[in-house]
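Residue numbering begins at 1 within each chain, and the chains themselves are lettered A, B, C and D in the order written.
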Amino acid sequence: MYKIEKEKLTALFQMIAADQELFLPIRNGGQVNFGPWSEAVEVDLETLNSVKSPKDVFFPQSENLYTVKQNDGHMCIEPEELKNQDFVVFGIRPCDVKGVEVLDKVFLVDPLDSYYAARREHATLVSMACNEPEETCFCKAFGIDCVEPGGDVAVWRVGEELYWKPLNEKGEALTDKVKSLLVEAEESCVAEQQAAVRKIVEKLPYADLSLDGWNGEALDAKFNSDIWEKLYTPCLACGTCTFVCPTCQCYDIKDYDTGSSGVQRYRCWDSCMYSDFTMMAHGNNRTNQMQRFRQRFMHKLVYFPANNGGMYSCVGCGRCVAKCPASLNIVKVIKAFQEKGGEL
Amino acid sequence: MQELVNRAGELLADGSVARVLGWKAGDLSYNPEPAYFENAEALEQFVYNGFCGANLSKYMIEASKLEGKTLVFLKPCDTYSFSQLLKEHRVDRDKAWIIGVGCHGKLDIERIREQGIKGIELVQEEEDSLKIQTLYGEKELPYQSVMLERCYVCKGKEHRIYDELIGESKETDTGERFAGVAEVEAMSPEEKFAFFQRELSKCIRCNACRNVCPACSCRKCVFDSNKFDSAQKVNVDSFEEKMFHIIRAFHVAGRCTDCGECSRVCPQGIPLHLFNRKFIKDINELYGTFQAGEDLETKGPLTNFTFEDAEPGIVAERG
Amino acid sequence: MSRVQRIGVFVCHCGSNIAATVDVTKVAEMARLEQGVVHAEEYQYMCSEAGQAKIAEAIKEKDLTGIVVCSCSPRMHETTFRNAVERAGINPYMVEIANIREHCSWIHKNKAEGTEKAIILAKAAIAKVNLNAPLKPGESRVTKRALVIGGGIAGIQTALDIAEAGYKVDIVEKTPSIGGRMSQLDKTFPTLDCSACILTPKMVEASAHENIRIFTYSEVEQVSGFVGDFTVDIRKKARSVDMDKCTGCGVCSEKCPAKKNASEFNRGLGNRSAIYTPFAQAIPNVPVIDRENCIKFKTGKCGVCSKVCQAGAVDYEQQDEIITEKYGAIVAATGFDTIKLDDFDEYAYSQSKDVITSLELERVMNAAGPTAGHLERLSDGKAPRNIVFIQCVGSRDCTNRGKPYCSKICCMYTAKHAMLIRDKYPDVKVTVFYIDVRTPGKNFDEFYRRAVEDYGVNYVKGQVGKVAPQPDGSLMVQGVDMLDNKQIRMEADMVVLATAIEPEAGVRKIATMLTASIDNNNFLTEAHPKLRPVESPTAGVFLSGVCQGPKDIPETVAQAGAAAVKAIGLLAKNKLLTNPCTATTDELLCNGCSACENVCPYGAITYEDREVNDHGIREVRRIAAVNNALCQGCGACTVTCPSGAMDLQGFSNRQIIAEVDAICR
Amino acid sequence: MSIEAKTEFKPKIVAFCCNWCSYAGADLAGSSRLGYPADVKIIRVPCSCRVNPMFILRAFEKGADGVIICGCHPGDCHYSTGNYYARRRMTLLFSMLDYLGIEQGRTRVEWVSAAEGVKFSTTMNEFVEKVTSLGENIRLGDLRCRS
């Protein structure tokens, strides 16, 4: 365990960014999102959740896959270059680290997503413990301890210090890079704060949220429940929940004709809330919003765990709770089934 | 509020309406959701408070297709949206039982958070103030300091269309409606460009602004259809942010009642009303004051003209 | 349209018109590389027999589905090529023209530049054709009746010719009688025969013709519909006299106490009573009451006319009447007036009664005119000894007070006036100030020379700067003689101004109703200045007489006949093919919001409740329906429709965007 | 328009012309041999009211540096009212573009009758000069289309 004074953070960032990209929470136009560091940007480590989760560091909202060009009548394909430079993501929250693990389950299994894999391979995650959990947080329900960060390096902000603990080789490597700024410190230095924060977590409104009954076996009962009909009605069919979500991984593939410089085939985030999601030649297999709405939560709480050894594709970051224009969210869904015992 | 519940109960009981469209208490004190209530029991969850900003008029498009009448609670500004939708044949007046509810201005949870308030456990509305219990202690704020932007430039607390009225209103329009637009207009082209670039670069194309908008009532938006091969799911290039927001604003120009829902729901806090309100300001200045949704007769400014209209060159002349 | 096209591109040299500044071979080569193109060739004259044959050949051999012709403006030959491909068996609307002549070769000197642009224009046309769909014109019926607006010699002639061909025709004339300007003229050049003597028989013939209805004291109120099927509202202004009862005895006018009203017919030089017929030979010979000046209408008292009318025809209660009638063709024959002289004070027109316009002189010289035909000064009734004619008053005048064009008739009528005066009053001295004397036309120059040589009219080349009324009532005329380049001051006791003519005031209103375009001088514009001189750009609307441009009587009559023939040609058809480039609704996208209905100038859009199947969702929706017979294809609806449900066939959103993309590559 | 600027930068300009007046005006300019830069490419539309703001933005997106819309003079519209609607739409659109910090000179509406070949050519010359002076359209274009 090491530590560094908060005033030295800029120096730290400069040092990291000297020979590689550094992504971290940046305040721009009143909102905090992850972005590349530069002297010009305003770093914000206080805000609990970035609006967009950091997932788009690995799985960008849009990325070009390859470009098709035409030279006097002949087609030729230019694949997009894969990420081949190391980079660092600083300040990613424990829940979002878990979110990345969820994405790994999707993109790092066969067939491997080379674009995603390349980014993961070159990334070093510096994960930051939470100091002030908010009422929207329910990471505990997914077994996440918001004061025990994962990733490659774990950091805590305590008083005027930032405590730094490498968790693996990647972490060690980064630590060596910035050693000159770090000083040795005791593990115990963070224990007190950890305890305090854990107390707060116990008091959160969603502290006792239970996921009982949400698993692969529950498929039919949940799918056929008519609670959905009641739940979905306020849904505006926008993509806010999916686009701020750290685990939503659906994407669409589209072509863009740039004219002179060829046709770009790119992929971009898609939302199961959209009416043309998985649209096929014959039309759409989900014809109404109830079905789309149900799909999202069934996927996160039933289908995904069924296929991934019980791992949910929700990490309780609370972004959807905070951002849904119609005040819907996954918690309301989970509770609704609890209260009604899944029946009705 | 109890008055609303009682009246709704009566109308449900005597069969005047088949359902009630209102707001249902959320699991946090600031997130009530739009909901239907079919019976008295359900109505126990009915709530009407400072966080009921959601404009229910758009839900009436679907409600108009249901059997029987729907009782809908509309705030003064919501009624503008309803009558505009009525003018465009998107809702069925005969299927609606409109109770106009009083309004003291609605609260903006984002503004509350901007005050550095975290871990909100309970929000209590008192006369002119908010008592907020948080995990990190109790806070108190003047009600007037954390309202939705639209409430500071309220069009007035008069309902434009209703069957009955319940509850008192309080004027909240302390701001100048077009000040924000004028501020941008006063900038140099470079500043304007930088300003909107900064704001729009945040856009994640979640379509919340479009889907919540009562004027964006198209069955299929041009940005979802291939009619123009303009379908877009994401802003790959900064141009596409502009394209989307300019065209959206243009499509609702002369129809937008300035209900402010777009700005309320934007997860990135983009001041989207600055687009619509720019058109409203121009229309007022060039073609005479016009307020969409004010009545059912007046021709919309873009489906109308005079022989003496200003030439497009005026944009340059105004500088 | 999803189906893959097989496109043929044909590049025209147009002799050297295109080939000189555009490398046509290169254009064809580049076109060959474009999507969908399976054939590209170039040829001297694509519009020629041989050129069209090449297209037909290629269609057969290569099984083409779409054609792009790179040539002159589509306004020139689009139809030619559409017909050509139709004969070759593909839909005429699968043709697009790339205008590489007017928009390219003719305006770009640099061949590299011209070629590059021509290639881009070709690519745009190809991109569009890729999205073209076969279109089928609809059919609309033809109402076998024509409307003629204006009852002057132009209108009368047109009506007579149409009626003679066996079709019904209505004349709408805003004044109480037909006859128009010609009825105000005394004699006509170059034959000097009396205007009334040749006009009156035609007026009688028109009024007597079984196929002709005449609405005098009436105006066109509203025009809707389209070629073959116009619907017109005609306002018959209250005449206050029952046309059926009135015998035209004229007693009412004699007895009418309100006598001091300026006579329009005499250009205000004489008076008429409040109940009046404009002139003796008026048709119909039925008086009207000028309600503004009628004592009965002003004070409620009087009523003399109704007392003296044996026939009991006078009817003070009479109201305006709106007649709605359908027409297949409309002929505008709205005629002309002389311009106002307010801005020409130097000629003292407003100061001296003895400064008059030529049209006023016509009345003065006319036996039925204010002076019973005696040439006299209107100020003191004395016979003039010196008369000065001033030409081009307001004509060929590029200051904005006058007209830039030549009024065309002035040179000749002034020669006529001068000659008539010298003939009748040999001791009167006549001087004409002119810029040029223009006498193109049969026997015109001979006529003018007679005026100079046989009648000793004094022509002075030069303009008059000032006409100054003198204390003794005479007029001092100051001008220049440009030939021997000296100032002239001469005394005159009468000055006649050859005042410019301009289209009748109401023409703008009528043009708007007919959606017929008018030029900067308010003359109605013809569809083509050379090839379609009597048709307006609006189908089914034709132009007769001076409303299209200055003309003398024989020209007017000739054009009136031509307009009639065009109208007859239209009326002779039983059905018309309608333009298939009309709006269509995508029922799944339509919101039923009425925006399109609000902007449609033709009332072509209505709404119906239709059951639709929207990807499995069955519901009844309010959906816009376009009446293809009414839709003229302007596209206003397509832009007002936010969802893009409204689209325009032949100019669809995707077609236009494809062109944009092709150009911006 | 400075000669150097002209030679180093050739703007892409799209001109929407209504079929009845302006397109004919352009034809007249052609037959009268009244030149204007080849940068101008004309798209024929039935009426100025057919021009959808999306077409204009699309042109800019794909790399146009200027867009001009030409129609019949108000009052002379072949469809009687089309250009009045176009006038309002374009006024508002241009105002919005200005509001977003897009250079005003890149968009223009001009009423050109079938008889105004001279006006068409002078208008195009002016417009090209203006757009050339503004340089490449960076603010309102999709960078993917720039190579």
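Here, a residue touches a chain if its C-beta (ideal position, glycine included) is under 8 Å from a C-beta of that chain, and two chains touch if they have at least 3 such contacts.
Just so it is clear, the structure is predicted and the values come from calculations on it, not from any experiment.
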Set of chains adjacent to chain B and to chain C: A, D
Chain pair showing more contacts of the two, C-D and B-D: C-D
Maximum centroid distance from chain C, chain identifier (CA atoms): A
Chain closest to the middle [Cα centroid of all protein chains]: D
Mean-CA-position distance for chain D and chain C (Å): 30
Length of the line joining the C-alpha centres of chain B and chain D, rounded to whole Å: 36
Separation of chain A from chain D, taking each centre as the mean of its C-alpha atoms, in whole Å: 46
For chain A paired with chain C, centre-to-centre distance based on mean C-alpha positions, whole Å: 71
Shared-contact residues (touching 2 or more other chains) in chain B: 220, 222, 228, 236, 302-304
Residue list for chain A, restricted to those that touch at least two other chains: 256, 259-260
Sites on chain D at which at least two other chains make contact: 52-54, 58, 62-63, 75, 81, 85, 89, 142, 144-145
Touch-based graph of the chains, sorted into line, ring, star, complete or other: complete
For the chain D and chain B complex, residues of the former touching the latter: 52-54, 57-58, 60-61, 74-75, 81, 84-85, 87-105, 107-109, 139-144
Chain B partner contacts - residues on chain C that touch it in the complex: 586, 588-595, 598-599, 607, 614, 619, 622, 640, 642-645, 647, 653-654, 657
In the complex with chain C, residue positions of chain A that touch it: 72-73, 257, 259-260, 283-284, 287-288
Chain C-touching residues of chain D, taken from the complex the two chains share: 12, 14, 19-21, 23-24, 26-27, 29-31, 33-36, 38, 41-47, 49-55, 58-59, 62-64, 72, 75-82, 85, 89, 113-115, 121, 145
Sites on chain A touched by chain D in the complex: 256, 258-261, 264
